[in-house]
Each structure stands twice: as C-alpha cells, then as structure tokens.
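Two complexes follow with subunit A in common, the first pairing it with subunit B and the second with subunit C.
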Partner chain A sequence: MTVVDVKTVRKIADMAAVFIEEKDLEAYAAQLNTIMEHMGKIMDLDTGDQEPMEHILPVKNVFRDDEVTNKNIKDELLKNASVKEDGYFKVPTVVE
Partner chain B sequence: MNYDIVIGLEIHSELKTSSKIFCGCKNEFGGEPNTRCCPVCLGMPGTLPALNKRVLEYAIKAGLAMNCRIAGFSKFDRKNYFYPDMPKAYQVTQHSLPICYDGYVDIDVGYETKRIGIERIHIEEDAGKLIHSSTGQGSLIDYNRSGVPLIEIVTKPDLNSPEEAKILLETIKTILEYTEVSDCKMQEGSLRADVNLSLRPIGSNTPGVRTEMKNLNSFRAVQRAAQAEAERQARVLDSGQKVYKETRRWDDHKGESLPMRDKEEVMDYRCFPEPDLPPVYVDEDFINEIQASIPELPGMRRERYINQYGIPKYDAGLITQNKVLADIFEKASEVCGNPKLVSNWIMTEIMKRMNEEGEGILHSYLNGDNFGQILLFLDKGDITHAAAIQVIDVLLETGEEPIVIVERLNLRVQRDESLVANTIKQVVNSNPQALDDYISGKKKAFGFFMGKIMAELKGRGDPSQVKEILTKELQRYL
Partner chain C sequence: MSICKKTVTETAELLRTRKISADELVKEYFDEIKKKNPDINAYVTICEDEAIKAAEAAQKIMDSNNDVPYLCGIPMTLKDNICTKNIKTTCASKMLEDFLPPYSATVYKKLLDSGTVLLGKLNMDEFAMGNSSEHSIFGAVHNPWNTAFVAGGSSGGSAASVASNLAAFALGSDTGGGIRQPASFCGVVGLKPTYGLVSRYGLIAFASSLEQIGIISKDITDCGIIMNVITGHDPMDSTSIKRPAEDYSEGLGKNIDGIKIALPKELFGSELEKEVGNVINDTLKRLESRGAVLSDCSLPTIENAIHAYYIISSSEASSNLARYDGIRYGHRNERAENISDLYRKSRTEGFGQETKRRILLGTYALSAEHQDELYKKALKVRNIITREFRNAFDEYDIIAAPVSPVTAFKLQENLNNPLKMYLKDVYTVAANLAGLPAVSIPCGKDKKGLPIGIQLIGKPFSEKLLLNVGKQIEMEAGRLEII
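Let's turn to the complex of A and B:
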C-alpha cells in the first residue's frame, strides 16, 4: 500500500525545512511507506475498551508559582547569537 | 446582490501575571530588548518549561466570566511553524483540549441584547517582536515578549455586522478589565483581534468562504477592517469571481487589506501534544474558589445602577464600561448622596476630560471620595457650578482636599443678603443705559445685570438669590 508518494515527501521536507535531493525522494518515499505500514497495524487492534490517550506522561499538574526569579542576562544570551545588532538578535530579512 | 455578513472574532489578550508563562522572567511591556529572557523563553535545547499556576487561574477566571464550561482535563500542544519570532519553531498552545469552552457574552446593540457564543478560550504563549534593522539589512528580534502568557478567545460566527464586532470586542475588554486578568492596553498590543468574515446571500443557508484579518489593535480598526472586507467580498462575488480562503493584512492608514500569504499555500501546523508539559486536571473546588473571586461584572453592575440609583440606562452603560470610573461613581454617590448629580457630572465634566486627556485622569488625584465631596458642596448650594469645575481643575493639579481648595480660593457662595443687595444696587446705578433698556421693555438687559453682578460677586453669588433681589430692585423703576 502506497500512502506516501514523492509529492508528499517533498511537502513534508518543505514543512520541516529539510533539503532533500531530487534523486533521493523515491528512497525516502519507500522508507516512509514501510513505516506507515508498520504503524498501520494499530488499525487492526481492537481498542474498544481503551480510553483515548491524550498525553504520554503519567504525571499531571506540574506548576510553578507566579514569581519573577530570573535576572537580566542579556549579554550572556546574546553570546549565542551568530549575528547581533544594538542588543537584538539579527536574522536575514523576513517578509511575511 | 444582498448578503448577510457573518463574523467571528479571535481575541488575544495578554495576562497580567508577574512572570512569564513557562519561566521566571518578568512579564512587562517594552524596555531594553532581550533583557527579560532566559534559556526557556529563548527555546534553548534541553530546557524544561513549567506552567505558571496563575495563568491557569486567570484563564479559568476569564472563562467563568464569559459563562464558559471549564475542562476538568486539558493539555498543551505544539503548533509548528518557522518564523524567527518563535525561536523554538513552535508555539505552545492548547489545540485539541482548551481549558474553557462553550460560553457566551451578551452585547447591547442599540436597544437589543444579543447573545454571542464563545467557542473556546485557550492558553498559549506570545511570540517575540521583529523590527527592521536601521541599516536596511536584516531583521532584529526582541524576545522580551516571547513567553508572555496569552489567552485566545474564539467566538462563534454569531456577529452580523462590523458594529457588532466592535461592540463585542469592547464588551470583552470590559470583562477582562473587571476580572483583572489583563490590562487590555490595546496600544501596547495586550489586546488584539483577528476578524474572520464571510458573506452569504440573503436567504441562503450555505456559508460563504471566509477570510481572516490578523492583529487588529483598535476598536476602530476592527470595525473598519470588517466593513471594508465585507464590501470587498461583495464586489468579488458580484463580479462572478470566488473569494479565496486566505489571511489578509489590514492597513489602517490606507483603509484596505492585502493577502498575506500565497493563496496556494495552506498552512499545516502539525499540532501534537507538548511532551514537556504534563496535562492539567482541575477539580470543582479549584473552579469554585476562582468563581468566588469574580467581582460583579459590567452587565450586572449596569442593571444595579439603573435600579438602585435610578440613573439612565445610557449613562449606566457608559459608566460601567470602565471599572475605575464605575468605582469612582459609586464612591462619589455614597459621599454626596445624589447619584443622579454624580452621573451627570461624570457624563459631562469627567467624560470631557477623558476625551481630551485620556484615561489618565482616572488614575490621578481625582477619586470617588474627593469628587463626591465637591459635588456635595454643589448639591448643598455651598459653591456654584462654575466653582465646582474650578475645584476639580485645582484638585487635579495639586491634589488638595476639596474643602481646602474651597476655603483657600474663597469659593463659598456669598449669601449675605445686605452685601448682595448693595452690590446689586451699585451695579444697577452704574449702568443707566441698561436700566433704560430694561424700563423700555428690553428684557435682555436682565441677563446683562445678572452677568455683571455675578462678576462683581466673583462668581460666588447664589444665582437664585441674586435673581430674586435683582427682580425686586428693578421693579422699583417700572
């Protein structure tokens, strides 16, 4: 069963901002199909009595109090930026 | 063709917590760029967010105030997109299980009350701010706003005119202010709305294709953008073309909107459960506690003002639209004992100043107590109308007690009958021309005398007393 075609691989790659060479698209499509097939087995299971699982964690309600605990560490944070200007992070021009 | 307008709003409101939603950075508007950031709100790998409990409380509070049901179980999701305002490449939001759902807000349209459904209210984080570099090259990012808590209020498409959209936004702003979950400063972007609008030929049941206009940050912009978009869609449909489902940007200066993204590209956010944040369970006790903390809301307050104080519906509506103003009204009415007088003065003197100088006046030296004292002086006839205005002026400048101002400026009404009578005699005698006019039947001269006498008494005469004595005095010449 083919659910992932080359067009879909291209779209997924675009959305994930990953570059895939044209010649590799077929190979990715085949691999993704294998994965989909494997995961598709879940459709054969009888899940009638199962509660829908909305979240994978067994914990709940982890909160913090509304307190300001952080200081201004701007200089330290900006050290990680490859380009900066006037205290800002700088990126290539983005036009929406 | 004629169309019905169908509008739904998505309203984003920043919550006024002390700290951000998932980290201990300060939640505050403006300031030096990137000074209120940390690895969590900058989306550094390996960091772990934790939900600010007050964010949950405020979201529930807003939901209860808008008659929503509160979800006993809700969770967070990642909404994926690439844009540098969000360094993690996803926004944490509540996609599938919002904290509040299925509510409503009543709005007043003319003399009618209309119920607008609230589809859901969910919690999410705000993004950073992009500005263009002064060098003309590249974009600069300030992440101070990144991680500021937001609620998004999604209405049902129950609005049928641009005016209704504006009124709903005004109503929700008031509710958020009363419940004190947001400061709703629209000029700072802490309250902004997206307008979803479609047209439907009158009589048809088929919904039209809708467009979305993003980030409108004034009531006026909401109303104008909706009006312009309804007209644009009507032109498109009338010319036999199709309306495309698209996001448009409203330009308030030009009064027109343009498509924001390519028509062909449909955004796919690939939402999935946020693995770093455990789900949220709330119980009845928690909800009841929050319910108990909700103050009297504007609609209820307005009804009470009409019934308890007997002030007009229109006045009550305007006064209760602003919580601080309503508090001033109530306190002043208590101090002065004449709510109608207080209401009249708010509708004229105070509103005038609010229009001219902005709402700052409500946070100045003026308060319900001193305003009530001034109006009590006026109501008892101790000072004149003009003097009351003068006391307000001085009070706003110096913050002195009304009694101090009245004494210092000697504003008490002059009622000493012999003094008033003498002044009147003197004025009449020294204006023979006006007296002749009066005698020859020109009644206007009476007003002239009144003005002169009041001026002579430095505005402190009691108009009714002066009028009475002046009438007697002039009678002697007839």
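Let's turn to the complex of A and C:
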C-alpha cells in the first residue's frame, strides 16, 4: 500500500514551507512511504476507549505577577538578524 | 596517567589540595583537545580564551574563600543545542550556524554558578534528530574506541568528548535515547532524568514533550554530583517540577538486597545482537549475586513505542521548527522576492536532509486527513505504555534492558536507510514517552572491542535508586577506559 507518493510529498512540503527539488521527490516519497508504512502499524493496535496523552505531566498554564523582569534587549535581539534597518527586522514587501 | 582521564571527584580533590591549579588544568584539557579532536570531531566550538579566564577566576575563588562550590574549576562542555549567551549555539545546522543566543540556558547558568569552566560546544545530529551524530554540518562524530564507527547520537559529541577525556563531564539532551545510546556506544555513563526535573529553558526545542537535558559522565558518582547542581524548579520552564532537593551523590554503592528488577521480554527480542544480550545477561546475574531479585515481565504495548515515538516526535518537530523563518535569526536566503519565497528558500537551504524528512513526516501526521488517525492514535498508545509502566512499577523497583540492540555501527552504514536507523531506538524511546528516568551504564565490550551499555529505567524521581544500582554494576564491570 502506497501512503506517501510524489503528489503527497509536494503537498506536505508546501505546507511545511520547504522546497523539494523535482529530481528528489521520488526518493523522498519512497523513503517517507517506507517509514510511514512501518510506523502506520500502530493503527492495527486496539486502543479501546483510551484517552490521547499529549503530555506526561498534568500541564497547566503557569502565571506570574505582571512585573517587568527584564530590560530592553532590542539591540541584542537584532544582532542575530541578517537583514535589519533602523532598529527593525526587515522583510520583503508584504502589502503592496 | 593524564590528568584529563580523572573523574570529577578525583579532579576536584586535586584542585582542593592544590596539586594543580584550575588554569593549569584547563590548559591540559586544551592540549588534549588539540591532539584528539581532529580525529573525533566532538567539539564544534572551542572557547579557549574564555575558559582560561574563567579558570583563573575559579582559582581566585578557591584561593580566597573557604566556602568553595564542589565543582569549582572543573572543565565541562555542552551539547550545541544548549544556549550559551554570546557563544555560538548552532544545533549543528546551517540554519543556526551563526546564532549567538541573547540568553543562557538555566543548566548552563547553574553550572557557571557552581564554578565549572566551559571548554566548548559539542557536535550532534542536526536539531538532535538522529542516533549516529552523522547528520551535522560539521561532519560526523567518530567513536573514540574506533574512529571507523559512529559515536551514537544525537549527543554523540557529548559522549565522545567524555570517553576520550576531552572534558570532565558533558551535558546532552535525550528525546528518544539521545544521551543513553551514545553513552552506551562510547562506554560512559548517560542519565536521562525524569521529565520536568531539569529545566529545559534554553534547550533548543525538537520534541518538547519528550526531551530532557541530562548528563554524560565518566562514572556514576560524578553523575550524582552533577545532578545535584542541574536539577531544581525553574520558573522559566512551565514544565519544570517543584519538589524538595535530593542529594543524588549520597549513599551510592549501598546494599541492594531485595531490590526487584524486572526484565520485559519485549526488550530482549529477536533484534538484540547475541553478543550484546550475553553481556547484559551476565551483568544482570552479577546484580543477582549482589542481592537483587530478577523477574521476567511483560510490557505488551512497548513494541509499539517506536511507532508512537516517531509519529509524536516528528509532529512536535514540524511544529517547533516552524519558527525558523529566516527573519529574526537563523539562515536567510538573500535573493527571495517575497515573504513566502523568503520562508521557503531560507528553510530549504537552512535545514539538512534528515531535518527536512522529520518535518515532512510530522507535517504528514498532523495534516487534516491524518491527524485523527495517526497523531491521536500515537497519543493513545503513549497513554497505554505509560500505564503499563506504572503497573509494572507497582510490583518492581527497576526495569532493566539493553540500551541498543547493537554496538556502534560503521560510519555511513545506515545513512541511506532512515527506517533501519530509526528502528535502532527500539529500547530507549519508551522512557521518553512515559517521562521516566533512565540511565545507561557501561558493562562490557563486544569482540570488536566496542562498548556495551545496560539500561535501567525507574519510576518518576527514582534517580537515586537508579544510580545506586548503577554503582553496583560499575563496581562489578569497572570503568571502561580507552588505553
């Protein structure tokens, strides 16, 4: 059973915002298909009315008092951006 | 004997008794790093100037103060997915090749507060995705026991650095075996603590619900001493647990009479190499002769742990790695014409092949058509596996198993067969799904002379017991040292 084909890879690559070159699509599809066929065996397991467990701990929101605990580190944060201007991150035009 | 071969405990004693100064000590380590690292490729960044300054500062503290932290002046190193302020943290990825974190991970701060000296940052599989430390822009880590073999992964640099005496200890991260398996392949101790016991603040995320920062050390006692420093509640990590502090180094080696150790038959299956199985069984017999009570048991759903693990970890990875857009930090394509093109081109160039494969797997599992099927099914299986462990721990104190079905494999051997590579994680992933502590302890070697490790898994927060039983194994098997 083929679950992942070239068409699927093209689609999920688009959703994940990565390009897979045409020449590599077949190879990616074959590998992902082999992997998913194997991992898909999980579907054969009877899980009854078991609840899905997203997290091992009972995860709750953690709140703290609304106090300023850090200082302005704008310049430090901008240091890692490769393109910036006048203290801002710079991106290509978004709205014409 | 080279001073770099010594454990943390032995080195701390030399520093305390003024047999060596902290700055002389780090210089010894850098000599060793310069000699061996070209063959091992454990370090990707070396912080020589900073380390010498830090060591001089540590020495001043030791000279002028009576209340000196135990680890003061001890040279250590960190996997390159643990953020170090203003020191490159690359995740072995082109994406973060030039990333200078504006803040430090909590574990790093704690280690600095205790006076340790950072020697450098360590090679790994890109974004911690892998078990051979071959998926790295810096090239593969080589196993110090035989450089034709892999060091394991994803904390391959951490294990290789400690095994080849290029640091007194190292921290790594374990998402599905990332500390235990390389520790096993390199003949050192590797501990993955209970989920929530060590802060993940500043650990670059791969699969947040599974991963923990942990320790790679030369022996069990060192592991306990370092646990004392890195554990504790951290308000900066919402999954960090509040509980009273323990002394993990106290009482190691005490009597294990009547400790009940279970051996799940599913973790001694047909994929287990005979030689590895024999060494593990022999080690278990020796524990029995020291008073432990061995029993066979069954964790029927654990055979599906590997499936659940790859579905959950890839799903979390696809979500966590969505943050890399090329804008605020990370690799940016310079020729993109519009914003969507910028995201795509930057991510395509920045991520390596294995990282892309995991992102695609996760995107597939989480896509609208499959989410109910695959991801939720995996989460249900996670619940069942966790319950099976809980039931087993009602009866037994510890679960013992191999760490890996094989010893270190040859470099390149599995690179073109990702599924074959993934399946080697079969014994380690369940502890991550259930958030349990697990330790890998060296217990012998195969005919090729490559190390074998045994794994002990415990109930949540039973690290002290794991280390105590681990100490018994160490007393029987001795430390594995490269001659």
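Methods note: the second predicted complex is superposed on the first by the 83 of 96 C-alpha atoms of A that agree within 3 Å, B and C clash if a C-alpha of one lies under 4 Å from a C-alpha of the other, contacts with A are read in each partner's own complex, and residues count from 1 in each chain.
Everything below uses one rule, namely that a contact is a pair of C-beta atoms (placed from the backbone, for glycine too) under 8 Å apart; a residue touches a chain by one contact, two chains touch by 3 or more.
Model, not experiment: these values are computed from the prediction.
Q: Per the contact definition in the header, classify A:V6: touching subunit B only (first), subunit C only (second), both, or neither.
A: In the superposed model, A:V6 contacts neither subunit B nor subunit C.
Q: Looking at the overlay, what does A:A17 touch: subunit B (first), subunit C (second), both, or neither?
A: Touch status of A:A17: both partners.
Q: Have a look at where A:A30 lands relative to subunit B and subunit C in the superposition and call it first, second, both or neither.
A: Neither subunit B nor subunit C is touched by A:A30.
Q: Given the touch rule stated above, what does A:E51 touch, subunit B (first), subunit C (second), both, or neither?
A: After superposition on chain A, A:E51 lies in contact with subunit C alone.
Q: Touch check for A:V62: first (subunit B), second (subunit C), both, or neither?
A: After superposition on chain A, A:V62 lies in contact with both partners, subunit B and subunit C.
Q: Scan A:K79 for contacts with subunit B and subunit C and give back first, second, both or neither.
A: Second partner only.
Q: Does the superposition put A:Y88 against subunit B (first), subunit C (second), both, or neither?
A: After superposing on A, A:Y88 lies in contact with subunit B but is clear of subunit C.
Q: Check whether A:M43 is in contact with subunit B, with subunit C, with both or with neither, and answer first, second, both or neither.
A: In the superposition, A:M43 contacts subunit C only.
Q: Subunit A residues in contact: does subunit B have more, or subunit C?
A: So, of the two partners, C touches more residues of subunit A.
Q: Across the two complexes, what residues of subunit A are contacted by subunit B and by subunit C?
A: Shared contact residues on subunit A (touching subunit B in one complex, subunit C in the other): 15, 17, 54-57, 59, 61-62, 64, 73, 77, 80, 83, 89, 91-94.
Q: Would you mind writing out the residues of subunit B in touch with subunit A in their complex?
A: It is residues 17-19, 23-26, 32-39, 42, 44, 50-56, 73, 75, 80, 82-84, 96-97, 130-135, 137-143, 249, 260-261, 268, 270, 273, 275, 277-281 of subunit B that touch subunit A.
Q: List the residues on subunit C that touch subunit A in their complex, please.
A: Counting only subunit C, the residues touching subunit A are 98-100, 102, 195-196, 209, 235, 238-239, 241, 301, 304, 306-308, 310-311, 318, 322, 326-332, 334, 336-345, 347-348, 351, 356-357, 359-361, 363-364, 367, 373-374, 376-384, 386, 418-419, 422-423, 433-435.
Q: Show which residues of subunit A lie in contact with subunit C when the two form their complex.
A: Contacts found on subunit A: 4, 8-9, 11-13, 15-20, 28, 31-32, 34-36, 38-43, 45, 47, 50-57, 59, 61-62, 64, 73, 76-77, 79-83, 89, 91-94.
Q: Would you mind writing out the residues of subunit A in touch with subunit B in their complex?
A: 15, 17, 54-57, 59-70, 72-74, 77-78, 80, 83, 85-94, 96
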